[in-house]
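Given below, in the form of structure tokens, are the structures.
Same chain, two partners: chain A is paired with chain B first, then with chain C.
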Partner chain A sequence: MIGVLLDGLVQGLQLALLGVGITLVYGLGGVLNLAHGQLAVVAGVTTALLIGAGFGRIPSAFLGLLGAGLAGVIIDRTLLLPAYRRRGEERLLLALILTLGLSFGVDGFLAYRYPSVALTLRLPVGAVVLAGVRVRTVSLAVAGLALLAFALLALFLKRTLLGKAVRSIIQNETGASLCGIDVGRTRTLIVGMSGLLAGLAGLSQGLFSNLGPEMGPEFTVLALIVAVVGGVRSLSGTVIAGLLLGLVNAVASFYVGTYLTWILLLLAALLTLLVRPEGLLAYWT
Partner chain B sequence: MTGRPGLGRVALVLGTGVILALLPGIFGTGIYSLRITTLMLVMIIYTVAFNIIFGHTKQLFLCLGALAGLSAYLSVILMRELKLVPAAAVAVGTLGAGALGALLSYVAARRGLGIIFVGIVTLVVSLIFQNLLLGLRRYTNGETGIVTQGLGFGLAGHTAAAYYVFLVLLVLALWVYQWLMAGRPGLAFGALSEDELTAELAGIDVTRYKVLAATVGSGLIGLAGALFADFNEFISPSIFSLAHVDIVVLIALLLGGMRTLLGPVIGAAAFTLIDELVRPFGQATVLAYGVLLIVLFLAFREGLVPFLRRLTRIPVP
Partner chain C sequence: MLRVEGVAVAYDGIPILRDVSLEVGRGEAVGVIGPNGAGKTTLLRTIASLVRPQAGSVSWDSLRLDLLSAHQVARRGVVYIPAERELFPQMTVLENLQLGSYPHPSGYPVRLAFIFDLFPRLAERRHQRAGTLSGGEQQMLAIARGVMMQPKLLLLDEPSTGLAPLLVAELYRQLGRLRDEGLTVLLAEQQVPRALEFCRRLYVLENGQVVLAGSPDDLLKNPALKRAYLGIA
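For the complex of A and B:
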């Protein structure tokens, strides 16, 4: 049982990595990126291709991450520009359709061009015993990477001037730009960062089991669920929602099976949207 | 407001029906071409319905596949398990789809969800539906799907007759559309899609008209879906997936032009043509759909019918 809970927490961290990207971009850009999961897949496929081309694992993973970040930057600078020219609901709708189109474009391209590329990263040591509990090294590695990423993100947002600028844009875009903050460039940075986070989630999937080109929609949906349950505006809410859903996922998969678990997660998102659109955990975060 | 469509509009609906009725004569009555044209009719019906829901009342329903699939699976399962007569089973399926659409629309309107959140809620609903299809293996056969041969009206055995059945359904759908738009609902739709608050202040029951649009649209989609299950002899989760229904209908509607009578017809017909052209590329069709959606939404948001209006200065309906 402790093993299941531990798995759940690590999966939760992975979910949180996915969700935080959506929340950041939604909060800052007023855009819901439906191609978010595809960025995770881009990182994974790039890494797999580089490893296949003979590069080492660590440089490949690094370049794969950069690839996802770069993809985010390119999306922000090209596809989303027409959306940024509008405000409020108009912008959301336009960006929603554009990123939906992009997600289909990426899925179709990967399925067409690289149907059988899959990323499987194996760690040299399988498991270690920590305080009497057998823990997979993968879980430790993924948890470590995710916590490091969150710590860096928190430091960036709370301690640096640029982070303050980001938070001020989240609060009020017009006000921030009146204070001399370059909204466009900050946004590009954040979309790039959300790409990096998605890429990290993709790579950790490669560590856990394997990541194929067809997993984009699944990642997007998971990210969306986590972000929605967390309240799409609050980062800490998203992280907590990720952990919670990860636990639910692990326990439910253990007892009732995968399909019911999926339905459970989706129902959680549905109920949150209908009952408390501001997020299930809005009081605590 | 008489609440009755003008004579010109009636002629137009019937004329569209007559032109489409001639298609089998033009493309031949081979099994393949009849199948493609019939699928086109189904797609047009979906698009006409989506035009009412999304075009006129701005409810972004991303669960069209789920609505059609709910009706299809419901009717097939009722016929198989309870030996219900086809007409009753199709009616129950249609009512089921209409009720789901009405429920979603009512809850969304009551909760004051914006257009995007309606989109997400309905997206989640279609994912739940897909997972239920996979999970309730005992009734749905999971991914394998159900062979519906021998159940229903046997539309598959009479391809030419099936074409005209769907054509009648399409003319009926256009008729309902025209009837809605010519009367009070049309006025209410126009007002509430411009500004909900103002419409509400002007005494329009926004929730009621939104639910009306969603119910009629979803019911139409359900009816077409149930008959499609009969025609196709086979249903599976992927036939009713987001990629195969919702995206296609969204593209068709954008291509043809929202809030027009002929837009859905022209858009879905044009899309069928494009789809036939890219079919040889296999998996790349999904890529083509994605690119098409982006390009259309960016560069050609008005759609073909409004474009023709501007070009020819004829008020194309």
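For the complex of A and C:
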């Protein structure tokens, strides 16, 4: 049972990585990026291609992550510009359509160009025993990376002036401009960071099992579910939501079967929307 | 100096400002008074580049402000304190002030000490969330944050709105200190006596046009103004 719970927490951290990326971009820009999952895939495919070309695994993973971050920056500075020129609901809807189109485009391109490229990362040691419990090293690696990412993010947002500027834009975009903060440039930085987080989630998938180019939409939906359940207002809420959903998923898979996964996760999102719809609507004004 | 020349602004085809021109010299405290809907807020928002004029220009020393975006104008030292304050409600007083230092972070401790000396109430509540402050304290915080930005020109939009008279008096005392230390101020104010007391020159705005301009003494000699704004026959 402990093993199942630990597994659930680690999976939850991976879900949280996905959800936090979506929450950051929504909080800062008022847009939901439906191509978010493709950023995870970009990291995976880039890493796999580099490893296949003979590069070391760690440099490849690093470059894969950077690739995902860069892809985020490019999307923000090109595709999303028409959306940013509008406000509120119009901006949200236009961004949904644009990023949905992009996700189809990326999927199609990858299916055509790299149909069988998949990222599989194996660690030298399979499992270790900690306090009498057998823990897979993969779980430790993913947990370690995710926790490090969240710690750095929290430090950035709470302790640096730029991080406070990011939070200020989420709370009051006009006020932030009046303080001399370049909202557009800060937003680009955050979209890049959300790409890095998505990339890390993608690499985690490569560690757990394998990451294929077709997994983009699945990641996007998972990210959205976590963000919605956490309430897209709060980053800590999203992390907690990820952990809870990871636990639910692991326990259910273990006791009932993996076919329940999607049903449970979608049910959770549905219930949240029914009980607390204002979690999403609060940012529409 | 601030130079507003022939500015015209319309929202959805409805003219709000028509051919407005004014000047504010360095170190001057200049006021804009007028009834509700005269366009005072729109004028200040236009100078701050939150609104684009359809005609005319706004410049500070020879730099065209109307060609810059709002955050660039703020970085250049033209700081707008809106009537709505636009604070960051989930962040503390201290964090709001820190963000005021965003464009020019050096010298932050000295400026903070100056602000806390000017507004001791903010010092007491430095770890309190801005959203939980009273109206008067929020107004002080908005002005304090603006002063943290080391403004060359402070644009104040009806700072007395919604405040009790005692608080307004206290606020204007602090603003007077800043003015006396050489801060350039353009003040839009509904409370005409306050404006007449605070400013060296004033413009009267009605229906989006400047109808009168001059020193407080000049304006007080105008019977129409006295009747309209001071209720003195």
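Criterion: the second predicted complex is superposed on the first by the 277 of 285 C-alpha atoms of A that agree within 3 Å, B and C clash if a C-alpha of one lies under 4 Å from a C-alpha of the other, contacts with A are read in each partner's own complex, and residues count from 1 in each chain.
Heads up, the rule we're going with is that a contact is a pair of C-beta atoms (placed from the backbone, for glycine too) under 8 Å apart; a residue touches a chain by one contact, two chains touch by 3 or more.
Since we're looking at a predicted model, the values are computed, not measured.
K.L.:
Touching A:79 in the superposition: chain B (first), chain C (second), both, neither?
P.N.:
Only chain B is touched by A:79; chain C is not.
K.L.:
For the three-chain arrangement built by superposition, which of chain B and chain C touches the greater number of chain A residues?
P.N.:
B
K.L.:
Which of the two partners, first being chain B and second being chain C, lies in contact with A:93: first, second, both, or neither?
P.N.:
Only chain B; A:93 stays clear of chain C.
K.L.:
What is the contact status of A:164 with respect to chain B (first) and chain C (second): first, second, both, or neither?
P.N.:
In the superposition, A:164 contacts chain C only.
K.L.:
Once the shared chain is lined up, is A:112 touching chain B (first), chain C (second), both, or neither of them?
P.N.:
First partner only, chain B.
K.L.:
Check whether A:228 is in contact with chain B, with chain C, with both or with neither, and answer first, second, both or neither.
P.N.:
First partner only, chain B.
K.L.:
Report for A:102: first if it touches chain B alone, second if chain C alone, otherwise both or neither.
P.N.:
In the superposition, A:102 contacts chain B only.
K.L.:
Both chain B and chain C touch chain A; at which residues?
P.N.:
none
K.L.:
So in the complex, which bits of chain B are touching chain A?
P.N.:
Contact set of chain B toward chain A: 60, 107, 111, 113-117, 119-121, 123-125, 127-128, 131-132, 134-135, 243, 247, 250, 281-294, 297-298.
K.L.:
In the complex of these two chains, what residues of chain A are touching chain B?
P.N.:
Touch list, chain A to chain B: 32, 79, 82, 89, 92-94, 96-98, 100-109, 111-112, 115, 221, 224-225, 228, 257, 259-260, 262-263, 266-267, 269-270, 273-274, 277.
K.L.:
Can you list the residues on chain A that touch chain C in the complex?
P.N.:
Spelled out, the residues of chain A in touch with chain C are 161, 164-165, 167-168, 171-172, 174-183.
K.L.:
Any idea which chain C residues touch chain A in the complex?
P.N.:
48, 50, 69-72, 74-75, 79-80, 82, 85-91, 95, 98-103, 105, 145, 149
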